[in-house]
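Before anything else, here is the set of structures, which you'll find just below.
Shared between the two complexes below is chain A, which pairs with chain B and chain C, respectively.
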Partner chain A sequence: MAKIDLVKLRKTFGAYVAVEGLDLKINDGEFLIMLGPSGCGKTTTLNMIAGLEAASAGDILFDNVNVTDLPPHERNVAMVFQSSLLYPHISVRRNIETSLRHTTISDADRKRRIAEAAKMLEIEPFMDKLPGQLSGGQRQRVATAKAIVREPSVFLLDEPLSALDAALRLSLRSELVNLQKRLGTTTVFVTHDQVEAMTMGDRIAVMNSGRLEQIGTPDEIYNSPSTVFVAGFLGSPPMNLLEGDLAGGFFRRGGLAVPIQGPGGKVTLGVRPQDVTVTEATAPGALPVTVYAVEHLGRESVLIADDDRGNKVRALVAPGWHARVGEKLGIMPDPARCLLFDTNGARIYETVARAA
Partner chain B sequence: MAVGSAGQAIQASTPSRKPRREMSDTRFAFLIGLPVLVFLMLVVAYPLGYAIYMSLHQIVFFGGYRANFVGLKNFIDVWSDKSFINAIWITLRFTVESVVLTMILGLCLASIMNQRIRMAGLVRTLLFLPWCVSSYAAGLMFGQLVRGQTGILTTISFTFGGTQGVDLMGRATVVEVLAVANAWLMAPLVAFFLLANMKTIPKRLYDLAAIDRLTAWETFRYVTLPPLQFTLFVFASITTVLSMKMFDMILIMTGGGPGTASATLTYQIYKRSFKDLNLGYGAAMSFYLLFFILGATFLIYLVWGRRVSR
Partner chain C sequence: MAKRSIFLYLAIAVAIVWSIFPIYWFCRMAFLTPNEIRLFPQPFMPQVFEFGTFYNIFGYDYEYAAGYVSGASGQSNQIIRGVLNGLFISSIVTVITLLIVVPLAYVFARMEFRHKQKLLFAVLLAVALPPVSTLIPFYSMYVQLGLNGTRFGLIVVTLTITVPFVAWMLIGYFRNLPPIERLARIDGYSRTSCLLTLILPLAKSGIAVAAVIAFLFSWNEYTYALVLVNGTSANTLPTAISGFLGQYPEPGNLAASVIVTIIPPALFAYFLQRHVTEMSLVDPVR
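Take a look at the complex of A and B:
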């Protein structure tokens, strides 16, 4: 168990900057998710925490001890890789044993740890099989067992669920969280899947093009995104982002007028699909849209519509709701639930929603 | 227009043509393999048959060509021939050394090429070149490199004030010199096949090994080596066969000498058949060589190939 501090961490590959000025504190026992699109630097950061890649600048501290220049095996980390990498030609048991190969643990202790891990992850029936004879889910469990037998101070997981089918991913998600909470080991989990991030993490660090966009609890990230990138990246269906002008107590964009007070100028208004109401096309202040599609999700439906500038706007509607494609409608955001972002994508906090 | 005429053409031709049955895969395979089969009959079956005939006869050239049927006499006589027994040992020594050296050298070359190095294309080309050299030329070259009068070691010895030349073509080391030259010729090809295998190893597996604190040797054993097993087995078999029947390079470099120190089975067969003109005896020897080659490859398959071939 350890707390991890990343201080001004930077990684470049030639002229390409993979990670830039990353400051991140990971608390002891925390399940931290690093979320971002591919190429955002999250795996590079994980590799640097593991010691597989050397930082170009900055420091990595485990419990206030600088480990920046230590090789992976001196950091006491365990890592689970994408598609649950195992040594393909040796049995599950020997794969797990390899984790303890170069340790000073006694034989009895070694046997006990392996037995415990096998029991915990329910892999006892296939301890003597080869990785190739296992299903994806079983391999995933074995890779996890291999990681926990070392009783590491940090777990590092690099998209471990991405190669699995949806149903399995769902069950392994809760399994991993449950395991992490029982063991209480500090965990860094890299993913590009926002649902995984929202459901698994104590906190989420959202990264974009080598920089940390925001770090916070899933609730903070979802309800109070600090940048337009975070706002658009999390949530399904995604948040509506509308560019327009703020002036005279109104956000305006074509026919749309939302009563919000704030500093004037060009802004982006963000509003989640559940926070808008669908109105008549002629309703005053509503955004005039043309129905593009209606997706039925069972518990609710999503209206997807084009506004007059060709942007897709989404709205959650009741499950029985119907509209013809091409029908003209209006969309009215709830002013109290609207977020504003400036032209640099940063959140404008000093806004007051007024009654219409 | 085009569609219409095509339709008419089909209509016109269907009634007149019988539905033709498709040829089975086996028949088709036989058909396209036929020219090769005929060719093989001519160049393999006939000489093989003639060799069997010769091995059962005593062939005499002097005083008029005669072939006296002697049954299995040639096959029995070779076992009381000291040079034959000697040749078996030399062949064994040469083959084992060649195979081991070729595999090790191949692995080393492949590992070098698998690194991220500058001018990788040039390095690959250079490393592949030895394979393109004929064994005749390689024989000449290695002969020059190790012979007492011209060799590298002699040069080094003289440079450091020595007065004696160092001759590796002596009785003690001549087989090793041949094996090194043989490995030099074969290793590049082995290396390229191994390299192809190495490229399929996921890079992340090396990261896993690093996290597992595996030493360099363990990483090689657990990560690099397993996917190479099958290729290594195949090339160990191929190198075994090629080494056992290696002849041209030995003839060029050593001529079987000094004395009979490098007289392998192939050299003895050549000597008996074409120098002593004892064709029947030589033919019998060459059948023993064939049996040894078959036996050796089968043995390799039994102890190694069965485990690694899927």
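Take a look at the complex of A and C:
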């Protein structure tokens, strides 16, 4: 159990800046997700917390103790790697045992801990097999057992589910969260999968090109994104982002006019597909679009349409709803549910939606 | 589908004939009695299997069942010495090659350091050099150093072939191993103990194959041996066999010597084939 503080953490590889000025507080016992596209610095950050990469500048504190210069095994961390990396040439039991190399516990304790971990992860039947003889899900369980047997103060997981098929990922997701809540160990989980992030995390830290974009609960990240990047990265189907001008109490883009007040100038309007209504093409103030496709998701359908500038615009519609490809329609955002971002991508908070 | 399998079997048949026929040809020659070998046309198969030629090349007379004696070959001293030298030199070369190449390949495959690409190129450039191009410089240098005609000299020169070639092979193999170093560092292994206790056992197939390659290169090495040690007490089997060419023809003995030459590599390959197939079939990325 530990809280982690990252202070002005920076990592460069030659001229390439992987992580820039990262300040992050991870609470004791928290399940924190680091989310971002590949190359955003999330794995590098995790490696620095683990001690696998030396920080170029800045400090890492575990419970206010500076561990920046400690090697990994002195930090009391456990890590599960991408594709549940294990030593392929030794048995599952010995794989788990190696985690305890640097602990000074008695043989009996050692046996008990391994047995407990094996029981908890339900891997007893294949303790004497080689990792190569196991399925992906079983390997993932073994990697987790190897991590928990050390009783670490911090769990670090680097996309452990990414190599598994969808059904397995779904069941292991809840299993991991359940385990983490039972053990109460501070956990940092790196993923590029927004569904994993939304479903698993107590908080999500969204990263982009080496910088922290936003940190908050899944609810905050989804409903109140602080940058246009976060807005566009989370949500499926993704948020509609429309560039236009804000003037005279209206956001305008071609035929679209949304009554919103705010500081004038060029802005990006973001609105989720569930917060727009589909209207006639001629409806006043609606965005004229041409139907591109309708995707049926079962409980609802997604209309995908092109606007006159070639942008794809998405709208959630009732499951029985139909439209021909090429049909002209209008899209009307709900002014109360619209977010505005300035040209740098930062959220403009001082907006007031008005009735039309 | 049927058509494809016909061509497939045809290709396999061609490949088998291609590789088996020379072996058959030499076996036939080795086992034909001196009388049969003088016939024209020669029989396809020996009528009785007698090991006369093998006695002859190792310096013994042999009395054939037909009642006549074929004498020991005049080349037998060279052959015996060639076998012993070959085993000695090839074993030493194999051991030294592995001692040099395993750490070298590991470092090039798994670590980052300055000028890595240039250094790698320098190591591998030697693979592209034909031995003939360095033959004369080596020869004149060896004469001045008094290394010509010594087993030590031949070991050194053979290493210049095996080291870059085996390094080239092993670097690729090490590169494909799973990234367990990161796991090992979390578990508190030092770099050295990670290499010795984790990587080496994991890479034993690749290292075994590397050993075979080094042994075979050394065992079969002909160009340098011909120039540097032929006719001396340090000669190896390939040069000893070439001695048959300049003499009164002894085709049976020549063939028997060739068979002796392929026995150690064949045994080597037979016992290590499990590793060879493992190396190519099992995906080491796990």
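The rule is short, and it goes like this: the second predicted complex is superposed on the first by the 356 of 356 C-alpha atoms of A that agree within 3 Å, B and C clash if a C-alpha of one lies under 4 Å from a C-alpha of the other, contacts with A are read in each partner's own complex, and residues count from 1 in each chain.
The rule we apply is simple: contacts are C-beta pairs under 8 Å (C-beta built on N, C-alpha and C of every residue); 3 or more make two chains touch, one makes a residue touch a chain.
Because the structure is a prediction, the values reported are computed rather than measured.
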So, after the overlay on chain A, do chain B and chain C clash or fit? They clash
Touching A:Arg101, do we find chain B (first), chain C (second), both, or neither? both
*Now for A:Tyr87: first (chain B), second (chain C), both, or neither, which partner does it touch?*
both
> First (chain B), second (chain C), both or neither: which does A:Leu52 touch?
Replying inline: both
Tell me the contact category for A:Gly132 with respect to chain B and chain C: first, second, both or neither. second
Worksheet item: For A:Arg324, is the partner it touches chain B (first), chain C (second), both, or none of the two (neither)?
Response: neither
Next item on the list: Determine, under the contact definition given at the top, whether A:Pro72 touches first (chain B), second (chain C), both, or neither.
Entry: both
Which of 3-11, 165-173 or 219-227 hits chain C? In chain B, it is stretch 219-227
Residues on chain A touched by both chain B and chain C 50-52, 71-73, 77-79, 81, 85-90, 98-99, 101-102
The answer for chain A against chain B in the complex is residues 47, 50-52, 71-73, 77-79, 81-82, 85-90, 98-99, 101-103
Chain C residues touching chain A in their complex are 178-180, 182-183, 185-189, 198, 201-202, 282, 284, 286
In the complex, the residues of chain A that touch chain C are 50-52, 71-74, 77-79, 81, 83, 85-90, 98-99, 101-102, 131-132
So, in the complex, the side of chain B touching chain A is made of residues 202, 204-205, 207-208, 210-215, 218, 222-223, 226-227
